[in-house]
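Both complexes below contain subunit A, partnered by subunit B and then by subunit C.
And then the complex of A and B:
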């Protein structure tokens, strides 16, 4: 099948979806191709920390400035995706106070509002903190739901004319002199092949940026760094907790919806597809995070996952933690002589909009048109609505609940099916909170299967679909399987083996 | 109470098995109550300090504690519900009705003194209509009948003798509304060589706790515990004949209300029949019982079940020659203390009681026996049968 578009975006993460929205709001037609579902890369595999910039302010003030500026914008335009929790950078006795003083000064210079709190003040805000802490600095950190964010961007882009091809991988680039003439892409689920002609291409593939460029015979130097995270059964704090020390492993705890997410590790990788979370990583995260919140030692974990940071190497020395979290925008016309190709990678989830704006600006510049971006002032469709724990809890007792743990109503899932955009039933996990709670879907995926059957939209062998869900579930549970989780797992195993005969 | 592990972390041990959902009498009859797994450990994950309560369904928890019994992981579900209900009602503000229903101990002596007038008013259709209209106390529910003199007044004129002293926590309802149960308990204990005395006592506070009034309940506990401690320290054990009062003092005083000294009281506090069963096991029970050719049915109250002592009344009643007694196979009568008096809950209360009524109808007994005054009220209401405390029948069998 032949397709034609003005701008072809490759990558359905926050950046790609952000670019699709930015361009379509400027009236520029675009098509986005993604080899998995939206958020299959780092956008869906981070701790959901809505950075104030504090984490980078000492080592990388420029990245920190970008963070705080975008933090302010997203609070307005993406209010449904952001929980304004605030964050504390706590100093433990072993951290000393030198870094803290530098931190406070750097926040001042970067215009990040920071307030020094005494031990008592910090403990009264967060009683679960290590009582030995020396002080804390409060900054406007928060938590962000990357799934909501990307889906709202994509939805708004679509409403303004953008189109999407999910589960479709670009397999080759057809070059014609100094430009990419067309790309060949393949639908990985249905096998269909597309030949897509586009005037301009934006490589927004994040950690896969170099891999994609190789299709055009190009290369950029990237450091692929794995970050693993653990999910607790319940929140262990209601504010983001950071160690007030140079960024290191296991020094962030982010409250996200019903859970807290402990992160992260940083391990250099060559492989980016199948990420394993190792026992030493799990132990390290628990050991470090429980220095900040001691109850973590005995709390229950429900999942572990890992993502790959797309870090761009610009030549400096130092560990991966020292590489800039700022983003890069590469005009391959200047760098490699390919006129209609640009790459945007690196950066943080919180700066996705800025990355999209700058990439779209470059596209416009190449097109020779002057349409300014409006995404910094135009709210996303869900803005104005608040989604908090309280709002979610209100749904209890109002109609049929599909997912008991996360209180996802039947209608929510039905709505997703009605839209008819799910190519793979598993993708519902990116579109609702379904299966993200205590039982990780054990007691709702079989209910979901009934719905799928009724909807008639998904065909295929139900056992295969069920196994798909269970394997996805098992992958995340296995690294944190001890204590209560084992007891629950035994029950669930006997249900699926005994009743479903799997 | 270890604040680090309670109550937040305990909900982490929930394995989502839903055994509690299978025993909850309320969620069985109405979709308005999401059930223990959801309102307890489930909702706990969504509660955030500082957020106002949105638990509109929480007031439908009947407080039976059957969920706690069913839980394989030891999640204190009913406690979580009580705490959540207290917060919800604190914010929403309680109606005057709830105050009246939970503070009957304040005016019960007056009601008892003027019992002919009280009872005339309580039975009067017009008064019940008004109570329904103004207070939302359901007019279909019979109001308690008051008696005079009170149990305590009767006991004042009674000289108890025996070889060993035993304290009796009789509870409000026995004192002013079912004096004969108290008399029967005293007679049975005396027939077993025990000298009964009544330590100073107030309402146990369960009605307040059940209505989310922790402060009020705690106040009652703080009055009762020192008096009970004194009885224990003088070498006596304490008996209760109302399983709900017993459950409250034995479990909630210490666990939920953290009343100083409650921990010391608990091991010396016994259900009346649990105590008689102990006597039997040590060969000290008075077994001179006459024949009672009656067909009776016994119902085990929820709070007796949560005491975890088996069915001691049934064990003892089976010693009465000629008595044909059967255990009623049903869960929760549906009254739930003050729950079933409330207009908005009456229908739910009746629906829960349906199973029990049908089970009793099948047995067709001459009398129904049960240890809890709430269950007795509800069974009378459901069936119109004669309903007694088991100790009344045992007293009748004494020679």
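And then the complex of A and C:
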């Protein structure tokens, strides 16, 4: 099939969805192509830390300034996606206080509101903290739901005319002298092939940026750094907890919906797909995080996952943590002589909007038009609604619950399918809280498939989908199987291998 | 009071151990914090699903015992397994009885629309084994069973009833089974089912045909619908498992067995190589209970008979050594569907089911082990859970009572 668009965006993470929204709000037609579902890359695989900038303020003040500016904007435009928890940078005896003093000064210079708390003050705010802590610095960190964020951006983009091709991979670029004439893309689920002509292309593929550019014979130097995270079965703190020391492994705990997320590791990779979390990583994360919150040593974990940071190498190399978390915007006309191609990569989830604005500005500049971005003031559709469990609890008692752990109602799932856009039924897992709780979908996905059968959305054998889900679930569960999780796993195996004989 | 035997654990193995001892007139106490896996998974009695349905189970089992000398079945012996199964079956008289079709494995439909092999089948499920074309019935609001899902792979038809008296709200298996015990409810659904029935020769329902008299429910439905009706096992809880529990409990209490349901054992009291008694720190049953013999039947991870921390698997009550794979890294395979090495972990015993140390010497003079906590089997993959529970429960008590 032949398609035509003004701007073709490749990549359905926060940046790609943000660009689609930014452009369509400026009245510029665009099409977004993504080889998986929305958020298949780093956007859906991070700890959901809503940065104040504190984490980078000492080593990379520029990235920190971007963070705090965007932090202020997103609180207004994306209030449903952000939980304003605040964050503490705690100093343990082994951390010393030199870094803390530099940290406080750097926050002041970067205009990040920071308040020094005594040991008593910190412990009264967060009684679960290590009582040996020397002091803490409070900053406006928070927690962000990347799924809500990206889907709201995509939804608003669509409402303003943007279109999407999900599960569709760009397989080749057709070059014509100094421009990309068209791309060939393949629907990975249905097999259909597209030839897409576009006036401009934006490469927003994150960690895949270099791999995509190779299709055009181009190359950029990137460091792929794996970050692994663990999910607890309940919140271990109300606020984001950071170590007040140079960023290192296992020094962040982020409250997220009903759980906490412990992060992260930083391991250089050659490969982007098939990330595995190793037992030494798990042990390291628990050891480090339990220095901050001792109860973590005995808490239950429900999942482990890993993402790849898209880090751009600007030339000189240090450790991966020293590489700027700021983003890069590459005009391939200037760099490589390809007039209608730009790449935007690097950055943080919290700066996705700024990245989208700058990339869209560059597109407009190339088009010779002068429509300013409005995304810094125009709220997302869900703004005004609050995030979190409290809101979901209000809907309790209104009909059948499909997912007991996360209180997802049957109607909520039916609503997602009513829109009729899911190519893969399990993409619902990125659109609701289904399967994100303690049992990780062991019960509700079977129920969901039953529901889809009843409504005729699936016919024939649902067991292939069920087995695929159980395998995917296994990847996240296997690294954290001990204690009560082993009990639950025995139950799940006894159901699916035993009763159902799958 | 000094008991002849205290059984710790109220799953199928513990119940069978208590029954076996009580049958010979001994004074027995059975204590447990729950019903074990009975009410989770036990719909039918699996003996060894690995044996093909073309082979008589006795032949398959006898070969299995030869090939697997450390398997619990090998410790119990072929005759012991058969005696245990016979003893279990004799508890269930008509109308709710268990039987094996042609003394071999048969294949019954499940909640995933697959057929699974099993051995002893209760009267409410047996028609599923031979039915070639059934209409599958689900209930709106009963989310743990989808008629469409079940019917799909079997290439049958399924329909979901919207019953006004359920108000289309969420309903559990136990609540639905209580509705099913009302004649008026059966009348309503039978009318609906008749409307949907076409050329099907039978009707498959989730396993919710009542708790107290499921055969009466089944027969009444059959009369009202006009075709045979059968139950299909699905997600926990298992109503058929509750029926088993209730029946054995009733029998044990009738025989004068002391039945302490809902109580965990806090610690045991040992003198040299002999266990003297158990301490229960749990009002109102707090106290010390002493006996001449003890059977431990606390199950695996679900039952709490085995626990796993980040380093190893252990047995928390008697602190018995547990045979297990090396490090946590080796516990689970890379695929969910692998046979995971951790499921081979368990308590090592001698041939009479007494727990032993590394040198294979019994650790206690008067302790026996029954059920899935034993080493040497992989009951999920073998499809042998209830068989192991019944056979070892029976034999542990036999051996204990010889002493």
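To be clear about the criterion, the second predicted complex is superposed on the first by the 499 of 502 C-alpha atoms of A that agree within 3 Å, B and C clash if a C-alpha of one lies under 4 Å from a C-alpha of the other, contacts with A are read in each partner's own complex, and residues count from 1 in each chain.
Operating definition for what follows: a contact is a pair of C-beta atoms (placed from the backbone, for glycine too) under 8 Å apart; a residue touches a chain by one contact, two chains touch by 3 or more.
No experiment lies behind these values; they were computed from the predicted model shown.
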Subunit B versus subunit C as contact partner of A:274, first or second or both or neither: neither
First (subunit B), second (subunit C), both or neither touched by A:461: second
First (subunit B), second (subunit C), both or neither touched by A:491: both
Per-residue touch tally on subunit A - higher for subunit B or for subunit C: C
Partner chain in contact with A:443 - subunit B first, subunit C second, else both or neither: both
Touched partner set for A:190, first subunit B, second subunit C, both or neither: neither
Touching partner for A:394 - first (subunit B), second (subunit C), both, neither: first
Subunit B versus subunit C as contact partner of A:481, first or second or both or neither: second
Overlap of subunit C and subunit B interfaces on subunit A (superposed complexes): 401, 443, 487, 491
Touching residues on subunit C, where the partner in the complex is subunit A: 37, 40-41, 43, 49, 110-117, 138, 141, 143-149, 152-153, 158, 160, 169-170, 233-236, 300-302, 304, 307-310, 327-329, 331-332, 334-337, 340, 342-343, 380-381, 383, 385
Subunit B contact footprint on subunit A (complex, rising order): 233-235, 238, 258-259, 295, 298-300, 388-390, 392-394, 396-397, 401, 404-405, 407, 437-439, 442-443, 484, 487-488, 491
Residue ranges of subunit B touching subunit A (in the complex, touch as defined): 4-5, 8-9, 11-18, 31-34, 37-39, 42-49, 51-52, 54-57, 73
Contact set on subunit A toward subunit C in their complex: 279, 283, 399-402, 410, 443, 446-447, 449-451, 453-454, 458-463, 466-467, 470-471, 473-474, 478, 481-483, 486-487, 489-491, 493-502
